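These notes concern the structure reproduced below.
Labels for the chains are A, B, C and D, by order of writing; each one numbers its residues from 1.
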């Protein structure tokens, strides 16, 4: 067997679970180390997955010459510091979204990464979802002709805890950022202008922080297509994730995925089980494909589906949406970055 | 406007409703007369649809030289007598299924009809259903290659009244006869052998008459395809009507049709309304297409989708199934006719 | 039989076909007369449906004391004059949408109608669609809790002729007016503010008149719900008509209706036939239900699902959308009317 | 961490892949050893999954006192010998279906297992499929009332190699055995009589061995329900796996699972990707659940969904079907065992 790719995990929170699992299942990968400022969190993963080295300081991973690549899945405010260190140590980088919430900081780190020549992949997992990839393919191969509209419906099953909401950056930077990125990916185009409407209909506490729990956005893209995105923090029936691209020759869309494929029929009609409720369950295959893709980027010269620029533009779109909702007018992306 | 086709209706029972409605909506048709031994039944239709002549004796229609064609939708035991009279009077004939329950009687009347040269169309309405026509088309144009299996699931919403069951001829001649005909139509082939299993699981009264309320049949067709048909007298969720043809290059099938296209989604999952419950509702379009087809047969030389031979073979299949269920063995069609 | 409702038809264009057919199928209705300034158009309907009186002047119908109600389905610019005359002659009124394009004119005629005491029903046929009625029911009975979002996707199969586009009032007043009305019906709420984006991506000629062929609108309703509507003048795959209402307890939505219920399966996957392509086909049942509803309004005191106010507000929404698209900002309904 | 369950794998063929993967993903399991008479096959799995001990003789596993349980997934003709040895060594047993093709041999080994007191689980993986479990649940909780019919459509994407067919035992013992078991599971009932029709429509070579590539079976169960099963060795559109249970209060059924959730729409209609094509892909979750279930049986006293009796009865049903197809008559299970 050829040498395995040696990976260090930085960050051992909830999201680490899916990334570590996905990496562990790839025969070409060796998870060499895991670090978290909360050592017991890192230790728990190490125990379960047989990871030999456990640290409370990510620098131990950066300094380990045997490690080829790092998974930066720590809290957002630590990303750019760690990315900078990793790039300088010539380690390939997988970084969870968003890269950072400060645009200047993003520019600076992307510059460092570029100069270092390492691979950077940003964790927009939905680009690796089989359905979304099929939509992208239909757009790229001309099946639907020139895209004219894109409709994304994206709703969480339940609002996150208020402590999370307070530091999240708000619905546009925390939640809709995924949909902003997906729209760019599906349309293969750049946004020009955004109009955003926000409302607080579910949890009044959210409104107290100037945030929204319900939002609709209209985006005009450079090649002319219009895009609608809606978000809700509470879809009681599950994790509602649908996208549609409409063009001159037809359309392509994704349907939700039910918990199982059984249908019950009675006097009252037909019933299907709820859709998959949790993002880890819904996008498990996407996370697995993403991890494999990252490995292929490093080892086989594959290109990331989402790189540094994608990480930046999605944040710009979030700020444009926030500005639009506050100022109650369409905002040009050129006003932001 | 060219001369309209003048039609006389013979029989004013429940099924007359759909036929009269369908004919009334065809601009090229004039419903000239309606007859029923129960005059008030005929009168009611005459009032509603503005039919000028109302009789209690079908012979008045046969004797009317201005009438071009007759709809024989009276009780089964009167069919052959009326068909014979109509054929001799050179009137084109639409006859409800079954032609008769006696095979010799069928042979005799088909002979008379043939000699008279009039058009005979037998009321196998399902052949005119848009979904079934699409299946037939896919078989005939080679889309699925040589057919290898046919699966028909056909279930009534509720058992008929016991008085009806007693005189119906039993589940195979009364209900499955439609599916026998559909199987021949979809496979474009003739049956060679039938094995039937009957059970009485719903209404013990039905069993007392030696009849069944639940039945499964396996048919081997001449070109080799196997066919399954199941019938139930009670599907509490509606009128379950599905067919599938499977072949070397794929398959085609029909889905049930829901009462409306709304879907409700809640914590408990997804729910769709029941399927269409009543045969007149489910096959309304098929009845309309059938009536128009009959008119086109008479006026434009179109061919009936179901003619005299189809009327006969379906009855033979019913007898073969009855014999199989009683004798508990596969029965060759050649044992019957 | 009790006395039939005597109806006069005013206007014999294409849309008359569905209305006359629907009325003709109602036993309680007698179509007494039809008028059109193009007499042969009126005559053609009269011949086909056996209508005794044919005029080139609608006043003959207004002056006929035996006529109880009128169907005003002539060109939009004639509606208010005819409505006024009909109301003064105490005839019940069915009027196609829009009542008029001038808001003052609408106010004036609604005033006349109100004083006359006759029934006025405005032809928003989609309110009578079984799926939409099911959605409305789910909202009204609390099944989905307080509505938070409404998503309407509404796309025509092909652009109308340019001569039609020029006089249509534009995509917002001609096409999206149906969706504006549907949103109010489904949400049981009034709009407060509209933001509209229009684009001309399909037919450059349309853009030359300052009109759009692709449009997206975000509406904020008074009770707080957000609503998205998208329109396209060209969906090559058929007449795409879907609506969704999302609320605190779940959601309800309608699916498109396919041409038939057959599914073909081959090596390449599963394929279903296109969706119903023409609005008369897609909403045939809705038009029939609408006609019956109108009769019930006049004869049994039923309430129209869409009355004069609905006719007015939908036009206001169209003007608000036009203003928003031109001025590139959200527009309050209170700026319009 | 508590002591892990130490498992030995016996057999390293294609099916081993899914079992080893599934076991490897269970934290409570330690795969201690793998054996295969073809040592390199065993070695390959050992390399990929880090299994320490690799043997060409299964007895090394039986003799290892540190091993708690064995997975017997070697060729069918070796099952009973290995089961006997494992039971005598007090090792818990997972055995792939069928236990054996000789009924007397099955009785003997089941007796040994019973006396030894070890857990025996037979690999009917479909019992662990989420959809089938939902169907079973609906039957057991009375949702559909007393079952009256069961319909199983089960078709392989392509015929196996001829060398496999020759030694497989034929379509009824090799392929339909899964469906026989599923019918018993779904109906919670025992078969009384089987009628089988076989045909050779796909691959004439198969017919030369007296085997079939297309088959339909009707089973009468003891409580009265009728069951239809159809099998084909070639469904070009994928691995077609559907089941339906119909009863007095409604029905439950499973739908096929598509490769992804994207739908493409063009002038020609709607198209969905093919269904999952390979049994390992289609039943991957079921295999994983099965492996976890086995671990829970051994460590927590859970009951296998399929045990020794299920392993035996399914083979009896296979012989009854073979006899029925050959003798062209319904065969009682009591004629077989």
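The rule we apply is simple: contacts are C-beta pairs under 8 Å (C-beta built on N, C-alpha and C of every residue); 3 or more make two chains touch, one makes a residue touch a chain.
This one's a predicted model, so the numbers in the text were calculated from it and none came from an experiment.
The chain with its Cα centre farthest from the Cα centre of chain C is D.
Between A-D and A-B, more C-beta contact pairs are found at A-D.
Chains compared, chain C against chain D: the Cα-based superposition rotates one onto the other by 180 degrees, nearest 5.
Annotation: 57 Å between the Cα-based centres of chain A and chain B. Centroids built from CA atoms put chain C at 42 Å from chain A. Between the Cα centres of chain A and chain D there is a gap of 39 Å. Of all residues in chain A, those touching 2 or more other chains are 236-237, 249-251, 265-267, 273, listed in ascending order. Against chain B, in their complex, chain A makes its touches with residues 236-237, 258, 265-275.
Contacts from chain C toward chain B in the complex involve residues 1, 25, 27, 47-48, 130-131, 133-135, 138, 143-144, 249-257, 259-267, 273. For chain C in complex with chain A, the residues that touch the partner chain are 146, 148-149, 151, 153, 155, 195, 197, 199, 201-202, 214-216, 218, 220, 224-226, 228, 230, 232, 234-237, 240, 246, 248-251, 328-330.
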